[in-house]
Structure formats: structure tokens, C-alpha cells
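Next come two complexes, and both contain chain A; in the first it sits with chain B, in the second with chain C.
On to the complex of A and B.
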């Protein structure tokens, strides 16, 4: 047995699994333990009382139906809206593509809390804009505070996730495949449905699972639009349970565990789907970047993208911008920047902005690096224990944030030397990584699976080591995917609220926590102002990263052209 | 529009002061130990105090800001959330024997639970004598230092005629026709002020009868009451006119919309506003015990109580001054306000039963 093999068999599992078990396994065990633990203070015993109580409640099945129903409908809506957008911008010659690309990404910058409050103002209230404009057309009134309203707003919210992922996948599709379809007589839309979509199935499976799971645990939209009407989903029901003294952690833990099989089954399905086919889209052969011509349809397509932006991002942003300039909800006669002035004078606000930027930028970068390593392990090295890693990192996404936050609190308090981390910003970063690591891993894996092994094998044949191949071949090819992954992680980290609700303090407060506090204090104008700042900050960082990405591409193009010219010159000289 | 004429504080009488939490007096015994103030130098040497509270972020920022202004060498770190989550974090940290708050501020019933688990330690502040006996633990384990005070709010655009306003809690047992579909009340299960409101009405009017608690909450249902989840949301609802009559809400929520110019009026019920007292205690494993004592003293001092008052909460200090509200719309100290008697510890003991029945009456799932 070679030393390398000994390392692979003994040290590698230790290096990978031990940190993951600390980061994810222990908190999960704490949650499971909470669901079977009884007693008070320091005297505990094992019991299934919480499980028994849970199934005796009047609301458990209704909550389960609401949760799965809303998540399913929202996922379908997100795909219906997001897929054509991604295809149009990635593969079709629509005009002003860069601008439209940014417009389609912009809903990601809006926090779900903020957009749901905006939609509440637009569509739910008796005095809402839709009811005002339609003048009694809807009887008794147009309402978003119900199953379909919540699903619709959630679907809108997640449509930009679909766009972000499928845009990257569509871009990697070899145009030769579509050209072949065209030669065979298929039109652009038939090519899209019968050729392009099936080739990006891994990305579709990933994003479908991701959205479904995120929708299962999303808190803010059902909290704003559902809770006031007594409409509960899993996340709001758990938060509700935790708001009533004495806190019933047993039942909250049982609810969290109850939904885990669904997540695990989803991962299993996704793994099967990916294993069944060959989804290599980028091979050693060259591929030209050709866009599909849709003739006169390009203008209605552009109008569709603008309409999407207006409904999903523009309208809520305008509404929130107006509300942020009022003294109280409904006082539209006197608009001012008073709320912004007040925020700027608020010491906690400055701290929150600073902390949010640090945790999200640092955390997202760290998470992407870890994700790259784990993805390579899962997709390329494929040790026997890699499925375990895949399942382990995926589970926290399905745990409602507030329960995960409590589990992290219990875990890190119990660990030796926890004082080095507990109570610091590192704890917030750990909470975010624990919850969203799977997003990074799957985001990188979805792109990695599209890159043929022949690319790496060519490098090895030329004498490159594995590390050199990763650094000089794989990472540059993965960059668009890594960039998308980083952007998504940054946004998720920046906005994370529920997992840090039990972990923050005035020293480590983040902007979403402060915004949530403002929401709890009930000042919608101030909430809108804080939300606008949050949106602008997220938008600015994402724009900066996209610009850096574009600059990098230009630089690379220049370098390769310059290199080719230099080589041609050297060859001509030597001739 | 803020209608000060709807509040006649002096005329509200002093009865409430003597009755307020009257039944709690029975469990109190005078503390004979001489009060020892905090050692400022030792506190400054510690340089930090960690505070866990359920007051709103604005309030805790403002109060800790006032403390820091007085003691610039002591950093204040705080954590705030709903009572159950604050208690959970405190309990988890305490049991881990590690990092914990130095100061914890929750309602007296929760602090009593901590006391029975030896999680808080006695401290007799030199300022404590300024607080009524009913607001203090008999073993000096905690001191109630301010109170939320519940009353009604109306939107004066929707209800311009004062005759249509409720005059007392019992009016909701026989609701007016004009109120149908326009009344909101809090979810009794979620916020402490909503549960305490139910419990106080139960203690004052009894469970059954024409004006009993279930008749009153049944009357709300007859008015097609809408349930809100947090008082702050309710104040936006009443300001915009979406929900023009709020059955019960703490006073400071009213002030924030009144100051912004919303057409609202505060109504003090005939039988008095319902108090929801908040108390402070020192953690048994406080890492900064001297700074904790100093912060405790500060909350009970004139400066601390004035900072509380500036947030339109009712200070419990006996020499609280009207001058603490330069804008003229602060809530007078509890000693000058019409307050309904209420035993919060006894209310907490009846919590499960009251919540079960109340949820049935209000149709909460």
C-alpha cells in the first residue's frame, strides 16, 4: 500500500469528517436529543412525550400541509418564471443583455422580510394599492394573506435563485448541440424544451431541491403574510412555540426532526438523477459562444424581462422607498428623509452594517473554499464515505433556523475552549456556514459535474500534478460557477436571521437582526429605511463582484490573445 | 393628533398605587440588611457589563447609552429578544457554567423561576428603598423598576365622536355596533402584555358573569376582532385606520405614532390601565459583579428611571418626576396613574388554564 493510499484511507476521512461532525453532526444530535429529553433544570430523562404531544395537537397536519403545499407551489412558480428568463439571457440574442442580466438578479438583493411587508402594503390591506386602484373589483377585497398569496410571493422571491443557477448552466451548454437540433429541423423553443433543458438536468435538480428546502424553512414571508391570519407553516409554528413560556424545545426539536426524511429523500432523488446520466457540457473540445436568433420575438422577450423586474423587484422597492420617507404607515402627504437621518444617528445601525459586511464577505469566501474542497471530494475523488458527507452537509438546510441556532448555542457552550468563538462574530459565521454549506457544495458540484474528466486527464498527461491541475485548469474553468456560488452565499449570509436570533449581542448584531427588531417594534417607515439600506448594500457588493468577474474575463482574454501572438511571433522567428 | 384631554392623570386617583399588585405584598418581608452601593472603581476595573433584556431595542439602546454617558469607562453589551428566548439563552449559558449575562431583566415570574434554581443572587441596592414593597423580591433577589401599562387606542378619524369610544374594559363585554370589524387585540399566547391583560381582567372582574373575562373576550369575538401578533404592528394598524380601535396595547406604542402626527387618542379605562411590571436581577455567575451592581443601581436611580421615562414607560420610583417628559406626553409615574391592581406572579401560575380557555374563546389554533 502506497503512502498516498494510506493517507487517503486514514488521514483524509479524519481531516474531512471530524470538522464536519463538530460543525454539523453535533448540533443535529443536540436537536434530536432535545426532542426526546424531558425534565427540568439539570435533571433530565429520555421520553417520547414531545412526539406524543406533537401528534395530539390540532394543528400539526394542517401545518404540515401548509408547509409542503406552499413550498411546492412556490417552487413551481419560481421555475415557471425563472427558467425562461435564464434561457433568454444566457442563450438568446436579446438586446442589452448585461443590463437585463442585472435586472433579473436584482430581486435577490431585496430581503424577503422587506418584500413581504411591501407586498402586504400593496396587496393585502383594505387600504392596499391594488384594492385602491381596482375600486372594489375584488369582493370583499384582494388579499395576499392566504395560501396562494404566500406561495406567489415566495415563488417570485425564489425565481431569481432559479435564474442565477440556470443562467450559469445554460451558458455552459455547448452550442453545437443546439446547432445539431436546428439542422435536424427543431425550432428555438422546441430546442429549448427537448434539447437544452434535459442537458442541464443536474442544475435543475439542484436548484429545485434547494428552493423547495429553502421554502420549507423560510420564515419572514409566512410570518408577515400568514401569521396575522393564523396561517402557520413549519418555521412560523416553531417560532410561535418558542415565543410561549415555558419554551417547548422538545416539540420544536421534534418538528425539526419530523421534516428531515423529506430532505434526505430529496437528496437521494437528486443523486440518482445525476448518477444516471452524463451531463458533461464542457469538454476538451473548443466551444463557440453562439446565441440563438429569435427574430422579432426578441422585443416581446425583452418586454417580458422588464415586466418581471417591475413586478418582482421594482414595485416592492418603490413602495418601500416611499414608505421609508413617511412618518408612519399611510402618512403619504409629508415625505422626508427623517427615517434615514435617524438610522444614521443610531450607533447600533453602524455596528450592524459593519458586522453584516464582515460576516457575509468573510463567511461566503470561507464557505466557497470549503465547498470547492468538498465538491472535488464528492465529484472527483469519490471515496466510499463521500455520500455520507453529501447527506451530512445537506441536512442543516432543512432545519428551521431558530432551532439550528439553539442547537449551535448548546453545542458550542458544551465544547472546550468555546470561549474563543462563542459570543464573537466567528460564531455568527459558523452558524451561517453550518446552515448554508450545502448550498455552496451543490452550487460548485453542479458546475463541476459539467466539466469533463478529459480536461484534467489532459493536464495530467502533460505532467501537471493534481493540485496544479485544480489551481490552473479547474478553478479558472469553475470561476463563473464559483462566482455565482459566492454571490448566493454572500446574499444568504448577509440576510441570515433566524439562525442567529439566539446568538447575537449588541457587539455582534447584524443588519437583518436589527431590521427584524425594527419590524418587531412596528415602525414600518424605519423598517423600510433599514431595508432599503440593506438592499443597496447587497446590490452594491454583488455589482462589484460581477464587475470584477467581467474584468477578470477581459484580462484573461487579453492575456491569452497576447500569449498566442507572442507564441506566433516566436514561431515565425524560429522558422 | 395627540389628545391629552383624554388623560386626566391626577383625577385618576391614587387608589391604583395602593392596590397595584396588592396581593404580591403578602409575600414580601422587609429587608433588614443595610444597602451597600456598587464599588465604582471596581466596576470600572472590570470595564464591561453584559445585560439580557426583553425591552425593545430602542429602549435598551437608550438606557444603556445613558449608563455609558455616566460611566464612560464601562462598556455595555446587551442581548434582547422575546422573554422565553432571553430566558433560554440565559439558562443555557448558566448551565454550561460559562459565559453568561451579568444582568437579567424579565418579568418577576420568570425571575422567581431563576431564583428557585439559584441562578440569580440577592442584592440590596441603596436605591431600592425608593421602590414600593410590592415591586421588590422579599429576599432582594430582584426589583421591579418599570412597568408597561395597557389601555385602549382609537383612530379619531374613524371614531371622531368620543361617545363611541370605549370607557372601560367591561364595555367590550357589550360591544357597540360601530365597532364591528374594527377592533384588534393581541394574541394572548405570544406577548407578555397580552397574556397579562387577560390575567388582570380575570383577577379584577372574575371569570364568569356579565362583565367577566370570558364575557369581555367573547364580546371581542362578536365584534369580529382581528388578532395582531405584536403591539408594535398594532400601532401601525391604528395609525393607518386599518384597525381603528385597539382593545389593549402598552402606552409607549401609542406615543410613537402620536408623536409622528397620527390621528390617535389614548384612553385610560375607568378601572385603570393594566400594569405589566419588569424587574432586574444579578446573575449568580456574573463575570462582572461590580459592574452588574453599578448597572442595577443605575436602573433604579433617578438617572436610570428618567431614561426609562424618556422611552414612555412607567417608572416605579416613588419620587419620579413629571419633568422627565419634556414633550408633555410621557406616561406619569405609576404612583400618579390610574392602575388596576394585578398580581403577576399569581397570573403566571394560572397561565396554562387561562391560555387554553382564552384560545378556545378567541378561536386561536
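On to the complex of A and C.
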């Protein structure tokens, strides 16, 4: 055996798998352990007390029903709203398609915490906007704070996921198979139902499972719209058990363990769908795209997209902006920047802004580097153990943020030397990177897949080593894709609440946590102001990064052109 | 440089792509390999370039053995000192035409002047001097 072979077989798996298991496997094992641990302080024994307590509670079946019910209804609503949008933008000749495309994607940038608070103000109280406008049409009053309201708002939130994935699927359908159907005698409507829909069925199943699994663990929407009414789902119940004394680790652990098999099974099914290979998330070949003409129906279609954007993104943002300028809830007559001034006087607010910026910028950068390494390993190096890495990487997506936070807290409290990490920003960064590892690897992989292997192979044959190829060929080609990956990670990290909620301290508080704490105090105008600051900060960093990216491109073009002009000049002189 | 392939076999799982191929490509000659699709032309080239590891057999380049299953020799592609034209070209879209030509020369640590001279020669030969700063991306 050559040394290189020994390295490949022993050191490399160790270097990759041990940190991954440490990040993902260990916390899950520890939370399972927490559910069967009994005793106080240093006295340990194992007991199933927490499990039997859990099944004796009045609420366990209700919580399970709420969790699955809300996730199911939200998934259905997301499809009802998102599918027509995806079809219109991908296949129909609607005017100003780029703008409409942007409108459909914009809900992705909204924080679910902030939009659910906005919706709470729009549609929950007797003084809410809907009840105010309809003037007693709903008796006793229109309320979003219930099962259907939570499902609806969650459905809105996930509709942009449906749009994103089905847009790609609709575009990948080769128009030739539809033309073939037309020639075979099928009308446009039956072509859509009998040819197009079955073709994208795997994509529908894929995104359906994705949304269902994410909805099972979503925290902020059921927290804002359910908690005040005593309506609990898995994530809010676990947080409740761990944040309201008496803290019950055993029961929280048992609940997490109870739901994990369901979530892991969902992930397994999803991976099976992708592996069957009958649909690709990213198609390399840009198929000829024929757009369907719908004539006069273009205008209602455009209006529908604008209406969607207004309801899902525009209205909540406007409501937040207006409320942030009131002195107290309902005082719309006199608008001012009072709340913002008060926030600025608040020391914790400065700390939170600083921490959020540090963790999200540093964390997103680390996450992109790790994702690039893992994607390269999974797609290009393909060692024998890479399926295991792939599976491990796909797990965090399904772990509810609250469960991950609880598991990390429990793990790091038990570890020696934990004081170095626990209570520091590193803890927050670890939580965020773990939570979004799947998303990061998927987004980098999607870019890597598009780069043909031949580009790398021709560099190797030309004498470049693997590292040189990565540095001079792969990374420069990936740069635009890595930039979008970074932006995605930055947004997700900046607004992450549920994974951080059990891990923060006054030194490591982040902006979403502060916002959530203000919500718990019940000061809505101040919450709205903090939310607006969050939105503006995210927006400015994203714009700055986009600007830097295009400046870099312009600079590169200029440099190469300028250098060549200079050379041409010198050559003409020497002639 | 002479290239000698002896008893080369390549199996993808259980199906053979190359089955006991032996051939000698003499220096200074152009050899054409013809065959229907799936007959192993590309696999043979990729094995010689080192992009594919053959299941068994030997490959010699000049007096250097670059691959031997018996002696556990497998020189990585970047140390085989070959050139290869890919079916899909394998060009680097983020570099200009000129940089595409110069990249392999830079990797081989040629001086800047030498690199420029060679790329200029190549560009003139195919009549692409005016296009040399064009980026492939567009």
C-alpha cells in the first residue's frame, strides 16, 4: 500500500467524518440520552420516567395532531398558491417576467417571525386591520390565532419554496414532449394534466416532503400565532418545557426523540426520490423554451402575481413599517421615529446588532467554505464512504431548530472544556452552521453540478495539480454561484431564531432573539422597529455584497483589457 | 514519444469497456482510432491520460511506465506530461482565448516571455490573434 492509499483509507474519512458526527450525531445522541436520564446533579441513573410522564400528559396527542395537521395543511396551501406562480413564470408569456420573477421570490427574504407578527396585527385582534375594515362582518371577530390561521400563514411562507423548485421543474420539461402530445391529438389542457404534471411529479413529491419536514419544525409562526392562545406544536412545546420553570429536560428530550424518526424517514424518502435520477434539480443543457401564449389572460395573470406579492410580502412589510412609527399599539394618528430613538438608547440593542453581524458574516463565510469542501468530496472525489457523508449532511435540514438548540446546549454543558465555547459567539455560529449545513451543501452542489468535469480534466492533463485546478479553474468559475450561496447563508444566519433561542446569553444576544424577547414583553411598536432594523441591515449587506461582486467583475475585465492594451502599445512602438 | 499500451482492460462494474487492448503508437505519427459509439475509444484515451484507472494492464510513455496494475504504478494525470483535446473541448470559460492557451504553459513553469511567444505563435497559426482577449463566457 502506498502512503497516499493509506491516507485515503484512514486519515481522510477520519478528518471528515469525526467533525460531522460531532456536529450532528453527538447532539442527537445526547438529547436521546437526556430523555432517559434520571437523578439530580452528579447522581445518574437511567429511567423511563420522562417517557411515561409524557404519555400521561393531557397535551401530547393534541400537540402531535396540531404539528402534523398544521404541516399538512400548510404544505397543501403552499402548493395551491405556488404552483400557478411557477407555471406562469416558467412557461407562460407574461409581460415583465424578470420583475414578476423577483416578486415571487421576495417572500423568501422575509423573516417568518416578523411576518407572523405583522399578520397577527393584521388579522387577530378586534382592532386588527381586517376586523377594522370589515366592520363587524365576522362575528364575533376574524382571527388568525388558530389552527387554520397558522396553517395559512405557514402556507404563504412556504409558497415561495414551491415556486422556486417547480419553476426549475417546469423549465426542465422538454417542450418537444408536449409538442409530441399535441401531434398525438391531445388538447392543451389534457397535455398539461397527462404529460407535464406526471413529468414533474418527482419534483412535486420532493418539494412537498421538503416543506412538510420544515413545517413540522418551524417555530416562529406557531409561537406568535399559537402560544398566546395555548395552541402548541412540537417546537413551541419543547421550548416551553425548557424555558418556563420547572425546566423539564427529560420530557423535552423524549418529545424530540419521538419526532425524529418521522423527520429522518421524510429525509430518507426525499433522498430516494433524488437518487432515482429521473429528475434533475439543475439541468445543464438549456432546453429550448417555448412560451405559451395566453392572449388576453396575460393581464389577469400579472394581476394575480402582484396580488400574491402584496398579500405575502408587501402588506406585512408596510404594516411593520407603520407600526414601528407609532408610540403605542393602535396610535396611528401620530407617527414618529420615537421607537427607533428608544432602541438606540438601549445597550442590549447595540450588542445584538453587533453580534448578529459578526455571527452571520463569519458564519456564512465558514459555511460556504465547509459546503464547498463537502460538495467537492461528494461530487468529485467520491470516496467509498461518501454516501454516508451525504446522508449525514442531509439530516440537519429536518431537525427542528429548537431541538438542535436544546441538543447543542445539553451536549456542550456535558463536554469538558465547554466553557470555552458555551456562552460565546462560537456557540451561536456552530448552531447556525449545523442547522443550515444541508442548505449550504445543496446550494453549492447545485452550482458545482453545472460545471462539467471536462474543464477540470483538461486542466489536469495540462499538468495542473488538484489544488491548482481548484484554485485557478474551479473557484473562479464558481464565484458567482458561491456569492449567491453566501448571501443565502447570510440571510438564514442573520434571522435564525429557533436554534439560537436556548443558547444565547446577555453577551451573545442576537437581533432576532432580542426581537422575540420584546415580543414576549408585548411591546409591539418597539418590536416592529427592531424588525425593520433587521430587514434594513440584511438588505444593506446583501446589496453591498452584490455591488462588490459586480465591481470585482468590472475590475477584472478592466485589468485584463488594460494590460493587453499596454502590451499592444509597447509592441507597436517596438515595431 | 512512443506510447505503448499492453493488455489494457477496463471494467465499469462488471461490463467491459476495454478488453485486453494492446497497441503501440509510434513517435511522429498520427493514429486514428475508429469504432462505433460505446466501443471504448474515449475510455482508451482517458486511461492513457490518467483520468480513468484501468482495471489491469500496462501503459508506457517513452521509457517511462505511467501505469501498471501489476507493479501498482499509477502516475496522476498532471505528471504524465500529455495534451488532450476533449470531445466537449474542455475550455475554461472564465479565461480569455489567450489565457486558455497560456494556462498549461504557465503550469509547466515556462518564463513569461516564452509563454507569450508560444501562445502568439499558436494564435497566428489558427488566425485568432484579433480574438485573443475575447472571453469565452459570452
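Assume the second predicted complex is superposed on the first by the 353 of 575 C-alpha atoms of A that agree within 3 Å, B and C clash if a C-alpha of one lies under 4 Å from a C-alpha of the other, contacts with A are read in each partner's own complex, and residues count from 1 in each chain.
Here, a contact is a pair of C-beta atoms (placed from the backbone, for glycine too) under 8 Å apart; a residue touches a chain by one contact, two chains touch by 3 or more.
Not measured: the values here are computed from a predicted model.
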Which of chain B and chain C A:227 touches, first, second, both or neither: first
Touched partner set for A:455, first chain B, second chain C, both or neither: second
Which of chain B and chain C A:166 touches, first, second, both or neither: neither
Contacts of A:94 with chain B and chain C, given as first, second, both or neither: neither
First, second, both or neither for A:353, with chain B first and chain C second: neither
Comparison of chain B and chain C by chain A residues contacted: B
Partner chain in contact with A:327 - chain B first, chain C second, else both or neither: first
Where chain A meets both chain C and chain B, residue numbers: none
Chain B residues within the chain A interface of the complex: 50, 56-58, 61, 64-65, 76-85, 87-89, 92-93, 95-96, 98-99, 110, 117, 189-191, 226-236, 239-242, 253, 256-257, 260-262, 351, 355, 364-365
Residues of chain A touching chain C in the complex: 2, 452, 454-455, 457-466, 468, 472-473, 476-477, 557, 560-561, 564
Parts of chain C lying in touch with chain A, wherever the complex brings them together: 49-51, 72, 76-84, 86-94, 96, 99, 103-104, 107-108, 132-133, 135
Residues of chain A that touch chain B when the two form their complex: 41-42, 58-59, 62, 125-127, 227-228, 230, 232, 240, 242-247, 249, 327-331, 334, 346-348, 406, 409-410, 413-414, 418-419, 422-423, 501-502, 504-507, 514, 517-524
